[in-house]
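Structures for review follow.
What follows is subunit A paired twice: with subunit B in the first complex and subunit C in the second.
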Partner chain A sequence: MPRLNKRASYLTLLLPAFIIYIGIIIFPILVSFGLSFTEWKRFKMTGFNGLDNYISILTDPVFQRSLWNNVQIMLISVLGQIPLGIILAYLLHRKWVRGTKFFEFMIFLPVTISSVVIALLWNRVFSPVGIYTTFVRMITHNPDYVVKIFESEKFAMIPVLLVLLWQYTSLYMVIFLANLQRIPSSVFEAALIDGAKESTIIWKIVLPALSTVIFTCSVLAISGSLKSFDLVYAMTAGGPVNYTYVMALYLYQHTFTFHNYGKGSAVSIIIVLLSVGLISLVRGIYDKAQKKFE
Partner chain B sequence: MDHRMKTISHGWTVTAYIFLIIFTLITVLPVLWMLYSSFKPMGEIMMHPLRLPSAPTLANYRKAFEYGNLVVSFLNSVFYSGISTVSTVLLALGAGFALTKFGYKSSKVYFGFFTLGLLITVNSVITPLFIMETSTGLYNTRLGVVLPYIAFGLPMAILLSTSYIRGIPDALIEAAVIDGADYVQIFWKIILIVSTPVMATMAILTFLGNWNEFLMVFTLTSGDNMRSLPVSINSFAGRLNEDYGLQFAALVVGTVPMFILYLVAHESVIKGFGEGALKE
Partner chain C sequence: MKKTALFALVLVLAMTFVSAAGTKEQSSDDGTVTLTAYMQIDPANDQYAGHNAVMAAFEEKYPNIKLDIEYASGEAFHQKFQSMAASKQIPDIYTCYGGARTAYVTETGLTLDLTPYLDDAFKSQFASATWNPQGSAGVIYMIPPAFSVCHTIYANTAILDKLGLEYPKTFDEWLSQIPTIRAAGYYPVSMGNKDPWVVNSWLLGTLIERFGGKEWIMKAAKGEASFTDEPFVKALDVIKQMSDAGLFSPGVNQMSNSEADQEFYQQKSVYLIDAGWRTSAMDAALPADQREAIKMTVFPALDGEVTHNTSSAVASEGFALSKALEKDKAKLDAALTFIKFYTGTEGATIRAEHGDVPSYNLDLSKVNLDVMQKKFVEFSAEYPMGYVFDSIMDGEGVTMLNTDLQAMMMGNGDPKQIAADYEAWVAANDSNRD
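== the complex of A and B ==
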């Protein structure tokens, strides 16, 4: 009886979570995989078409541009947000300034605001009556200045990237700060007494101590940048033309505007594969770097 | 030596102040500008974009509440985020208890399955999820939003709960078993009580994530009465809206609830995010 009781309790505690999780995440992924090989016309599945969806997606210039834009988002996340986050965390951690709690509180604020609000706010900031535009007009004495970068085929992503930097840098700052606080303060003191330079402290103590969490953050940043949708949708909706299209928008368009569920699913699978591939790549780099340090 | 160190750290202090102050201004100024502009009429925003309101007015808010469907959306957001956060936290603690303290071999497999979910994003399942919900009648219902919210909250929550519950001494549970308590009682009376610190972290991360979520409500609901705050704000105050005052008011309404929570609980919020990524 107690044995049965234990097994039953185990399942009672575990299964509700497991069933919801399997039903809503794992099962649909499998369905997605199957659907990605099917052809759809006017809301109806008309049969299997092998790799046609994948081929038509990968050869579509709009998808290629989306992919490139996602790569840019990834680069700004991994090479912008994370290093800036480390710098901010370090400046706060060394207690060179007073009011570290105040700075932390203020800088973290954007993480609590929804992407939609952030997108619309920054659209206003860059608009002809925005603070950015007005400010530039004041310094340059050019009352007709307007932000034109949005229309640029090459650089239309730049405002989006800057906003992403604004939105998420402090998330990494907070994560790194929490980890810096786990380094015993005696380590810093000993280094300072030995007359170690700040750069030595950073390279020999801080970065090795943070290496694992830098890896975790990179994984977070990569999977986050491949899924970005809200901010881009609310800020530019992929426009003008398709200059700021991202993969998730491309997916949205095929599934919800054209009701081509086959093609939409194929985009999903491509995103999953990219995500797994890139994370394994980062994992490999991390393992190599670990070995070098040891 | 001492003197040299002082000048060096003095230099760093100045650098740190400059860097942090610039960063803080860039962060806060747009938000402040949004806040005070929401009290200006459209004409004044056009004429003097940076000036503080000369005669602050609530007209923008009145209009925003009248046409923006904001009250219903706010209540929906509270419902979606609240129900799914409570469910996610309870389910994750239950699963965390089962996976760490029962010693079954299958635990590892289950745990592996759950952590796999950390890599899966909403857009990789949204197409089949949409088809499933339209064919089962869950589309455009509150349950149809809450269930995916719970599912997507579980992987991170289970990661946090297992690593915390693993640290609870087995003796505590064994003593209760000897006293004749069954496992479900142990869960309610011991695990839940002992786990309050991690519960707070889980609840904050889950709630904030759900509150600001956009894609699922946007694609899995259609009626105005089902929309959450971010979705309503986007359709009401979106890019095509030309009344800036009204738009600012709506954006402020979208920001204030979370800001109040942040103001009250910023220590736990910052701690939650800082520690959320630690647990590996």
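== the complex of A and C ==
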């Protein structure tokens, strides 16, 4: 009887959170899933159209480009921001540079600034009337100079990726630094006394100690990359042409500008599926890595 | 401690309820009517100085009508408004367009048809185009307080004089000025097409009308003509020629509107392609001698054009009322009083003094205007106004077209192919062809 009461009280305590979770997470996803099979015209649902929305999205070159751009953002996040975050955190933790507090502050600064402000700042520097462009025009005596990479079909994403790398590496650095500080300094000292090389310390002590947090950061990076919106919207709005389009912009445009809630919902379901799939993949890689370290 | 916290919580809740109830009582007891409003206006922008002055005058004349206004602009305005419309929680008064841009609120049964509330005596005081039918039902959802002129070429005559040039009479003459202008260290034309609607709104519509005449666009929209026809292809080709010849400043597709304006204001370029409403900003930003030297004109003559010296204009967004006001006579009367004040003689006079060209028939010669605003009034009277392309066609197709136009201006597009792609999209999707 007391055990039953305990169970009932657990369920009662969980119920409000469960209802909120169902209401704000599960219910919208289910509604979105249902809407993704509907056709909309003139702000009204005109009926179900099966998989038409999905076929139209997946065969749309603009979506394909958006997906590729999101993949690039994901790669720069997982393979750029996280490793760089670890390196910077390790440098600061081992105090290999002077003024560690100053560098901690300076490196962390970009993540505290709004993405819109960052986008405006970069635009002010590199636009055709920006400081950098004006300076280059002046020293090269070439009044036609503009930063051509922004107009390149292949490379227009690079400035966006660089800004993302600059902006978010610091977030991961702080997370890793906090976790590095949890490793007792005696462990490092003992390793050094035993004659361990720096690479051995990193591979045998640091990375295993950070493995859980690396996994968590990877999940954050993947989900954040797939829903990237604010910086891209403020910096390029997906342009020029559609060169820097991302899936969230595609979703936004179809939902809120073209009022095609069916297509917009289908995009959101694709993003959810991609997130779940990729996070599961990372989970699998993490589990394998854990076994190897064990 | 727990008791204190509980007491504080109860006190806060009680105060909230009391203050909420008090607001409601106030609006009915002392005869004050409070209206909620949502406006796509930026009161901090010089462009809306006239609006601020009208609001102050209205408050003084009608102290018993309070407007609880929320302002927003651009996409943020639309995004929130769409959410309001979807949840059917719209304010009493709001700004909207007569066309497709705000159809989410006008075409969904939320907006009051103003036709029964506007008598002929009131309507006769406005330019006839004010009362063009709006929306698919052809009713009057909103009263446009002004007209938005969407194609203007601003020419710096001081630089032209210095270079021994005049404003070109023909497009070919314009192109032939490029070497002289570039040799003197200036850029020919500033235009900010980073947001790719600019070239469409401020240039394409005028060019199509020049080649096809005023009626052609509706024929093409309805499928009686095709966008693969000559007027459309030729208009695209003119934009391509302008890009290929280097008429625009370098990086035209990376430059925002405000950056293009700055380039022209700093006298780095000779011409600026922009909208008519830029005049109020020029009056605020530029010295008198520079403003005096600016000529406001239209695109030069084109080979094969059927209309001449045209610009393009569209009824500006105006004030509409929530259909729910039908059930509250006091609020409805107050809201109509506001709209009539804003658009009528008092509001129009105040706005004209700040550079608006009101839809209300006003003798603007008697209004004290600043330099550029005076030029704008003269411009509006001198040049015939055609249509604005993207106010007629569906947004999704226009967005696709704008993207293609931007690609073409960057050297990746052919006018005929763009026209064919657009026609295919319109035939399959545009609501004008339903």
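Just so it is clear, the second predicted complex is superposed on the first by the 250 of 294 C-alpha atoms of A that agree within 3 Å, B and C clash if a C-alpha of one lies under 4 Å from a C-alpha of the other, contacts with A are read in each partner's own complex, and residues count from 1 in each chain.
One rule holds for everything that comes next: a residue touches a chain if its C-beta (ideal position, glycine included) is under 8 Å from a C-beta of that chain, and two chains touch if they have at least 3 such contacts.
Remember, predicted model here, so these are calculated numbers, not experimental data.
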Counting touched residues of subunit A, say whether subunit B or subunit C comes out ahead. B
Touch check for A:179: first (subunit B), second (subunit C), both, or neither? first
Could you tell me if A:6 is touching subunit B, subunit C, both of them or neither one (first, second, both, neither)? first
Examine A:253 and indicate which partner it touches, taking first as subunit B and second as subunit C; both and neither are also allowed. second
Return first, second, both or neither, reflecting whether A:159 touches subunit B, subunit C, both chains, or no partner chain. neither
Please work out whether A:129 is in contact with subunit B alone, subunit C alone, both, or neither, and reply first, second, both or neither. both
Using the superposition on chain A described above, determine whether A:80 touches subunit B (first), subunit C (second), both, or neither. neither
Which partner does A:268 contact after superposing on A: first (subunit B), second (subunit C), both, neither? first
Looking at the overlay, does A:237 come into contact with subunit B only (first), subunit C only (second), both, or neither? both
Which subunit A residues are contacted by subunit C in one complex and by subunit B in the other? 123, 129, 133, 237, 256
Spell out the part of subunit A that touches subunit C in their complex, as residue ranges. 41-43, 123, 127-129, 133, 143-147, 150-151, 153, 237, 239-242, 253, 256-260
Can you name the residues of subunit C that touch subunit A in the complex? 78-79, 82, 103-104, 107-108, 136, 185, 187, 194-196, 249-256, 259, 262-263, 395-396, 399, 403, 406-407, 410, 412, 431
Okay, in this complex, where on subunit B does subunit A touch? 1, 5, 8-9, 12-13, 15-17, 19-20, 23-24, 26-31, 33-34, 45-46, 49-50, 91-92, 94-95, 97-99, 102, 104, 110, 113-114, 116-132, 147-148, 150-152, 154-155, 158, 182-184, 187, 208, 211-212, 214-215, 219, 229-231, 233-234, 237-239, 244, 247-248, 251, 254-255, 258-259, 261-262, 266, 269-271, 273-278, 280
In the complex, subunit A touches subunit B at residues 5-6, 9-14, 16-18, 20-29, 31-32, 35, 87-88, 91-92, 94, 96-97, 103-117, 120-125, 129-131, 133-135, 166, 170-171, 174-175, 177-179, 192, 195, 198, 212-213, 216-217, 220, 223, 226-227, 229-230, 233-237, 248, 251-252, 255-256, 261, 264-265, 268-269, 271-272, 275-276, 279
